[in-house]
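In what follows, structures are represented as structure tokens.
Look at the two complexes coming up: chain A is in both, with chain B in one and chain C in the other.
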Partner chain A sequence: MGKPVFSNRWKIGILVLLGVLLLFYPKMVGRYWAFVLILAGCYFLGALGYNILVGLAGQVSFGQAAFFGIGAYASSLLMLRLNVPAWAAVLLAGFLAGFIAYPIGIPALKISGHYLALVTLAFSEGIVVIFREWVSMTEGPYGLRVPTGTFGPWVLKGEPLYYFVLVIIVMLAITAHNITRSRIGRAFKAIRDGEVAASSLGINLMNYKAIAFALSGFYTGVGGALLALATGCLMPWDFDFRLTVALLGMVVVGGLRSTILGSALGAVLLTYFPEWTGKLLEVKELMFGLLLLFCFLFLRGGIVGGLISLKNKMQNTKIGAKLFET
Partner chain B sequence: MPIFFDVVITGIGAGVLYGLVGLAFVLVLKTTNVVNFFQGDTCAFGAYFTVIFATLLHLSLPLAVAAAIVCSIGLTVLLELVGLRPMYRVSIIQVVIGTVALSMIMRYLIRLCWGPQVVPFPDLFKDIPLNITGVPLGSATLWMMIIATLSVAGFAIFFQYTRWGIALRACCQDRSSASLMGIPVGAMMSLAWGLSGAMGAIVGIAGAHMISVYPDMGIIGLKGFVASILGGANSIPGAVVGGILLGVLENLSGFYISFAFRDLIAFIIMIGVLVIKPSGLLGKQVVRKV
Partner chain C sequence: MAMLEVQNLSISFGGLRAVSHFDLAVERGEIRGLIGPNGSGKTTLFNIITGFYPPSEGTVHFQGEDVTRLKPHQIAAKGITRTFQNVQIFSGMSVVENLQVGHHMSIKTNLLGAAFATGRITGQEKRSLRKAEELLRRIGLEELSARPAGSLPFGQQRKVEVLRAVAMEPKLLLLDEPTSGLSVSEKDEMAQFMKWLREEFSITILLVEHDVRLVARVADYITAMDFGQKIAEGRPEEVLSDRKVLEAYIGAEKSSGSN
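After this line comes the complex of A and B, so read on.
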């Protein structure tokens, strides 16, 4: 048997190439496209949090936008009112979102599926009401202006912000990668594949569901905090159900079963998509809906799922066997 | 004290609408096991179809309303058949997300055709004034309550006494046994979706003056969810009771506590009910067997 073409060495090579590309990306394409990639990165964290919950632990949530919003508002308010440095505000906001998400996992023991979807949806809409009506704190419909953060000598704007976001995202993605392969990640998968079986194997359902929500809240919250830094202004209705649907779209298009790669592909694709279509910006919502339906009807595993099944099919051919044998 | 009763009665007015939306929602949930996120948008179908028939095609009002209800039923059944039915076997969660996608598409199409603004809706009850002394409601709201109550009663009779209604309830109870008894389950699913479309259309038309006709008017669907959860998501009368209760509670809290946080109260009620008694007020506890 010959040496397979796509071996681990290839994977490392691709990762290194991607890393170099990301490092020099803002130099190559200029400020605007770097900004778009920052947005994609923030949504990536949101989608990653969503995927941990839905794809990995099998818990349904329609409240992801709330965690995103909590992260965004919390970090901005910490910076604005308490003069917390940006990196600490981002982390604290993530922890706060995780902390708020944790107790939602507890009713998830009693209720599942549809009802969980509804509880999380109600929670999320309720949070938007608070953002809108608690004017003395959040400025409500007037919009909250986010101060520009600093990190050491750098002002977090343009290129420094890009690298700031990049470092945080890479760290969090590596952490997520390790979590999926840890005891916690395996417990999540067991719960997803069969709650009864999982609990009979000694997995504490309540505890792990709550952990899944907390982790998801943390990732999404950090995403929201970074988004606040990037956009500079927060409106309550930025965090309503439409954001949840957008994040969900990224997860579904990328692939539910592929936590990191799927979320990243989905986020980048769906953030760039309206930029490329340009004039078609107005039909964004329509395209979103159609894309979701298309994925469900024809591409159930999302892009990554589609690629994997393509690979499995290729393996049965002669050339494919040479390419993919490991 | 009289102001308290005024607030309660206005609350009941809104509550009947919520109850009707909740009823449609329960019906679909029980027959097809799907949480239908475009339930609220069926109200928009009804209202916009009425606008088409009455204002653009100049049909007489009763005819326009009837045509609008028929069209909404057709559209709902069609959407379910094309967009959702193929996914039932895969995963129910994906179907639920599919309903979200359909809702987005429909809202977009409405916005594309009419723009985001509120559309003037023909005054249905101009020629038939109704005034009960001492009740602080306009005749339109009174008619709305009467229509909603009558339709609830009509649907109840349908479920209780007609052959199709009984077959539908059999499907609600147990789909596979129902199909073993010779009930065409696929047709029953379409019937349930069609009825949900009809209920939505009635809400959209009768309540048009209250919820106002705009592309996102489907938001009332959320209140319908809360209503059905409150009453018990597997109980058909529960949805109506829950709706009325929600309307009253919402109105009371809006009046006595804070108008701005009125919507929050609905959601807090819902989360509370789901956490404390997930089966709702009138729902039966479903025992899960392993």
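After this line comes the complex of A and C, so read on.
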């Protein structure tokens, strides 16, 4: 738990393997599947932001799509109207989403549960209305064309885009990992597990709830900004309640108690899922529903939670004890 | 002036006066027992002192400073913390992490420092981890360090809750029925533990406790409450033989036996 980042050889081995795989992935599978992984990466950041709020800090929110949309529109408009370079536009869009999310944490002090869910949902749908109606800025229902970004000599399409997204995601995942292990991450978890006890140990509830929302907005906003770069076109309704449900699905399937790994597995699985079931288009949503139901019923901790309990069970056997020696 | 000075404190819920014109003075280094039948206002008093309820009347001074209307986290910053009647452990965190939450105020981390895990921050984190593990070792719970706190048996959860409060290095610790639900031997351990806390960390303790014999053993002085008012105060043997106290207890037992 509080141990240093890489406490055992297994983790290092798996990370190195994963790193090599990600590095050569576009060469191995070609453009299309590399693009699918880019999308999964963008949703990963969306889910990561959501997981920080819901899984780590225990706050209810149904407005995550708004932060994704704010990130997407803000970075695109910065590039389009102000010629801000892509990398800066992505980061600035993330900060803007975080800045807008911050004050939502303040009512969270007074209202919680269902009411907070409704407030965040209303906020989110309101943002969609702004995207749709502010035509002079966002092109509204006509769709906003996102300029192709550049980074130094590289045009951000295909492989360069893949590596651009990969680097940003890895850097952000590391920062998120560090934050969850700092006193800030512990304060989030303390608020999740018991607000009253948390405050009696000196944790300022209002402050930390607002920080949780801001961080959540930031990561999700960067995800949206990267998605805009990848897809090249934004429609207001891409960021309505359905996106929130999709992101929540990723968080639940991956694992609420595993901020980074869980969000990543959930995002990858649910992004690839429709690709695999593509031929069965009509049953796609049914399959999604069944998958969620399965997780609620049998896999409460999501994939990561399931793996951990499997590991605990195997440790009690002879082979398992050797395998998981630490 | 005493370390903790409660003066003329009152609070009402609806028409009910839960605490009424209550005075209390606790000296530094003291273990003070607070007894009284159920519903006599002990926990309410705790909730006022620790900032969860604003009193309708009266003041709370800590080390000469008026802390009456501060928020719970501000009260904690002054050096007062508490445990809860129904254990409030962070069940999703490991035992050692629970204790580390107690270090929240002594670690100085801003968001950027945390995100980039700067050297200063990692140093503080390591020290915090070492200190928390050391505290567990001293009480003989080191092998529980990595266990999820929610998976511990009840008695150990109580201990972890108290240790978490101790990790904050408070000057004044309010314990709300720390032995309720514990077995006889666990109660003994908890009594030893409280004395140990005072000797090792020179923490002043205000203790709400139902087990009258246990209070008599650990407390230097006892204050007895009934219907939100002080009915007796003094050395344990004096208070426990006080007629009003006996009446309050016997009366309460009669009525609680009927429901």
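Everything that follows uses one rule, which is that the second predicted complex is superposed on the first by the 318 of 326 C-alpha atoms of A that agree within 3 Å, B and C clash if a C-alpha of one lies under 4 Å from a C-alpha of the other, contacts with A are read in each partner's own complex, and residues count from 1 in each chain.
Just so we're on the same page, a residue touches a chain if its C-beta (ideal position, glycine included) is under 8 Å from a C-beta of that chain, and two chains touch if they have at least 3 such contacts.
Keep in mind the model is a prediction, meaning the values are calculated, not measured.
Judged by the touch definition given at the top, the superposed model places A:196 against both chain B and chain C.
In the superposition on chain A, A:126 contacts chain B only, with no contact to chain C. In the superposition on chain A, A:117 contacts chain B only, with no contact to chain C. Of the two partner chains placed by superposition, only chain C is touched by A:204; chain B is not. When both complexes are overlaid on chain A, the residue A:182 reaches chain C alone and has no touch with chain B. Contacts of A:107 after superposition: chain B is touched, whereas chain C is not reached. By the document's definition of touching, neither partner reaches A:157: not chain B, not chain C.
Note: residues 196 of chain A belong to the chain B contact set and to the chain C contact set alike, using the contact criterion stated above.
Across the complex, chain A meets chain C through its residues 1-2, 175-176, 178-179, 181-187, 189-190, 192-194, 196-205, 211, 215, 257. Every residue of chain A that touches chain B in the complex is listed here, in rising order: 54, 60, 107, 110-111, 113-115, 117-119, 121-123, 125-126, 129-130, 132-133, 196, 245, 248, 252, 283, 285-286, 288-290, 292-293, 296-297, 300.
By the touch criterion given at the top, residues 29, 35, 83, 86-87, 90, 92-94, 96-98, 100-105, 107-109, 112, 222, 225-226, 229, 233, 260-261, 263-264, 266-268, 270-271, 274-275, 278, 290 of chain B touch chain A in their complex. The touching residues of chain C, counted against chain A in their complex, run 50, 52, 71-73, 75-77, 81-82, 84, 88-94, 96-97, 100-105, 107, 109, 111, 113-117, 121, 125, 128-129, 132, 146, 161, 164-165, 168.
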